[in-house]
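Order of writing sets the chain letters: A, B, C and D. Residues in each chain are counted from 1.
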């Protein structure tokens, strides 16, 4: 069978993780059709070539346009900063390539709308587009979704979510594109807040009705990475917001890069009338489940080690008790993309979902700008 | 030395716990002056007499007025529902009795102001008044305060607080005075939210500038305890709010009686530029401390078992590793009150602090009524 | 009703904790008959009088003989070093007093046999004798026993137990009676090892068949508490042993005073064909239960917060989620003793159980003396 | 540069994990010389070819002899059952190939001695041999070793180790080669007990002096995998043993396949005069460190998230907080092997270490056969 050729755009942290996923997926899962790591695109020719050699890609290019247009490329995987997502994705979809795009989908709602429109058009031609909300593919969270879907939690009353990092705590940490509103769109809110917004909507199978928010930038200027001078920080360092889901469930969110001692902690809890779930990404092989239908005498949060063959994605890996790491969710993501391509089904989450999260982020920013006043998510479709 | 006579008003849950504290304090700590459990006041004569016998009080009365007025009573300890606090406390202070009053101090800001005024007047006559924010006396939290005071956390960036219970999850749980706005003032917000507001201000040594809030009542009516009919729930079931401290630190709060599987969990975390602290009341003998000034290679949240002689209040108890329970904080509270009486110093927290928390609660309600718009705490003193 | 008078012999650490239990039991539980703290006996008159005043005992004496003989004493509670247990207990039983005796019951098997004989004789006269294996009364462990009894664990395969302290880690820690074989009988083995031997036999409802052991004394001499000179350490600092239960279940035990950073940790785990239990005294309100009959997809150790009304002893205390401390188990212990006295039933554990544990300890020492060779517990009764 | 060709012998669980390591090592680490997955050897031609295709090996063979002899093979990686290790390893070394061999090294001490002899001879010709005690390469355990080496624990008093699995709990679990003494050498003792023996000696930098042991087989017969009939279980289901290190430190070990609810838990604790360490493989990115030189007021086990660039092996992976999984240790293992080959240094652990662990295992069996009597490890070299 003809293999599917992949073009990977970007080879920084995200590019490296995606590369490892493309590299591994065929060893771990039985693929409907083989894949090939065809081309790696970057901005600097030499560094891109080096990366291609190291990461095992067929060729390198400093022109993403070339990569996207290539005949032997069928899938374009976008791992660049947010401000280039729209242009690349739209071009790739127009060229008839399937697209996997890192989150947040775009830096503005308009950008995301353009992308979603392009995806809808491409869809009619059998082309699929996926947004990289990878944490859905952590087995413990996929199991969480399954338990909610199966009604094990009953009616949801509360969703609590924190995404905590601390890499900006030190005012001497240098400036980077992630701190520049033009490149990144938003700060902690867009980078990590978008993940917990998506997880909330995904896990509950519901949509946020509105939000009430506060944003803060604790450190306004930072030394430029190069050496001399200081750059303005034009994005939020931390975002705290509350919200309501369509069902009436209350939600709390915090996304911050100033959570001392927390390196990459996603802490979630869902309270329902029949049960509850708790999760912490720092212990990603565990899901804690409380079954409220049990006798009180033996009820308690049970720590499920999500490494059993019955658990989502686990057939690809090792025997019970042999834990997975952060990167495995990316392997699951490309496996799901390949399955969607093969079966011609909508990938989940698609660009519509990416757009929806972008709208929530816009509402968070609007609320913060209006002193926290509750802002409903504007989902008027403007096609 | 002439013992200090105590009148305890109320013998439900809080009365029982306070009773145990008065009962134990002299065994655990060397008191400046002995105390006597002089009189227990309740509403029903027979049940009060029974309780007095069981709990070991000298006599019983169904008239709190009588108890407050008695010559052999020097301290009045108020454990009644919130709507009677002001009247009893004002009468007791006027009669020259020291007062310990359960939180929230009152059901309205006006009530709390009246009480604080009465406390200020009494103070000039050497009479002291304390608000029962007991959790400050959990040794782990007293240690937390000490670490913040010693600068071990640096500048505070974040305060996170949840007070989670689940006893209202079942719509069949009967109505009670705690669900009646007239008697209780507020719901989860006043009952348990007041604790985490106080803890935030206490631990940080700072005051909230303002809040942005949402309140919800998930179940509007509940069966009356008696048997027939249903009563309106006129208070909040859950309160979620964000805030800013004077220092610029961000704060998140959640107080709910619908947190499935969480029975009485106070979960706190403080992030500072030099360190962080985390605490969970479900493991009340532990404080988790992260020292950000350490080398990364060995940095981590350390679980301090707060049972060493160096730790606050621990000299009164057992050797290291022999944990305390919920009730011990109440023993510490009356010990601190007795010390304040003896040394003629202001007890902490006094009624001013109780009033301040009441104002924060009022601001939370005002913000919720205004769709979450940020409301600054009104601290204009109206004497 | 005529109250039962109690004589407490000893007012060091254990005396203080027992005092608190006698002090509290009538407030927490509805007693069949009231109790009075009649007399406290110690060795030094002045210090005993001081302790009696502070701890609230009717009178003080420096003669335990006098206390035991007093007409107004019905219960003798022995909290002295091990070498005096036998003499006091035998005298008290002979005088027709009920006895509660701290563990280990005696310093030798012979001593324990004498005591058990005395208890059997007294039993026929309606007098009861109890051994202070208090940890059975920690609610989580009482619940553990109930789950085993109910068959929730199936056939037991493994019992694992560690009792870890670290107060001897520093070679400068002074000598004390606990390090003197004559006074204490054994070291870590007798003091804390006896607890986990008892817990193993109690929780499994089974008896050890034999043991294979190693004992060590890491620090041979220690400074005398007085000031000058050094004393020999004539007991073990640490004991590690394996064993087999009658059922064939394997057991591992470790008792040490050199477990760096562990202050008073009893760590237990039981593996059965239908379930498992885990417990750590450092989190004494929690029991972890794994139900092996569940579907793997949602199986996991559940953390039961043992504070519900359905849980053992909890009716005496606070609402769910309000944790108990170390000392509460002592209150439960005297409550159970009072119930046994009232109902005329055998208290559990009685002196026979204390004797049995003594025999296991003797077998541990015999095995260690024979290079770890398995030694069967000698239960030949020599009446 | 000419790549090093690898022959992998075996493609069951271990073969798959090793394959993933060979596959990934060049992407994660900068290798001194590239590697090629040259040939996969198995017993069944068709299944081996299938596995080679799926796992990405150049060719397949059903003759390990052929693989070992091939000119384009420089490294032989042995993942077969224990009874074939010696023959394959000796042949490979004789053919001038570097060898990585899974543990336990052999099924008998004699077998391991033969292998160690062959390795010594090969060593003089620049050929290296490594034993697959992979857990040394879990970053948290490599960090633990570093802390012990740096003296952060002082003199070691205790080592505690459990390796807990539960896959044999059900008597219906079918028979397999792992339960056959001829093929596997030993049961839980050899398979998982060997890991914790190695970890103890590695982490402490010390050797066991002797052991005192008990072995048990709970289920004597099991259904044959094929379908009809039952096979004898000729190995241990569980091994519990104590030991002494050269330094006098006490050690406890348990290896069992009947630890209900524990899937693959290695639980370790080391107590030293200056500090302590604790580890659980179920949370493999964490190391818990207690620094006994700190003030008691803030001392506690700190949970180090071992994902920082300063931590062993972490430069190859992701930013702080992005956890690794079980398989990563295998990538580290082959990286260390490749480094040893390149630098011409002895790989650690070599075959001598594998032999030493085999001797400990033999001593455990000897002690169990002699009713637990302490058996010293026989390290008389018989070359």
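By definition in this document, contacts are C-beta pairs under 8 Å (C-beta built on N, C-alpha and C of every residue); 3 or more make two chains touch, one makes a residue touch a chain.
Quick caveat, the model's predicted, so the values are computed rather than measured.
Between A-D and A-B, more C-beta contact pairs are found at A-B. In this assembly, B is the chain whose CA centroid lies farthest from the centroid of subunit D. Separation between the centroids of subunit A and subunit D, computed from CA atoms only, is 36 Å.
In terms of their C-alpha centroids, the spacing between subunit A and subunit C amounts to 54 Å. Distance from the subunit A centre to the subunit B centre is 41 Å, each centre being the mean of its Cα atoms. Of all residues in subunit B, those touching 2 or more other chains are 262, 299-301, 305, 320, listed in ascending order.
Against subunit A, the residues of subunit B that register as touching in their complex are 153, 157-158, 160, 162, 166, 169, 212-214, 216, 218, 238, 240-242, 244, 248, 250, 252, 254, 256, 258-262, 269, 271-273, 275-276, 290, 292, 299-301, 367, 370-374. The part of subunit B that touches subunit D in the complex is made up of residues 143, 147, 152, 288-289, 291, 295-305, 308-311, 320. Against subunit B, in their complex, subunit C makes its touches with residues 13, 17, 19-20, 23-24, 26-27, 30, 54-56, 165, 167, 262-265, 281-285, 305, 307, 318-328.
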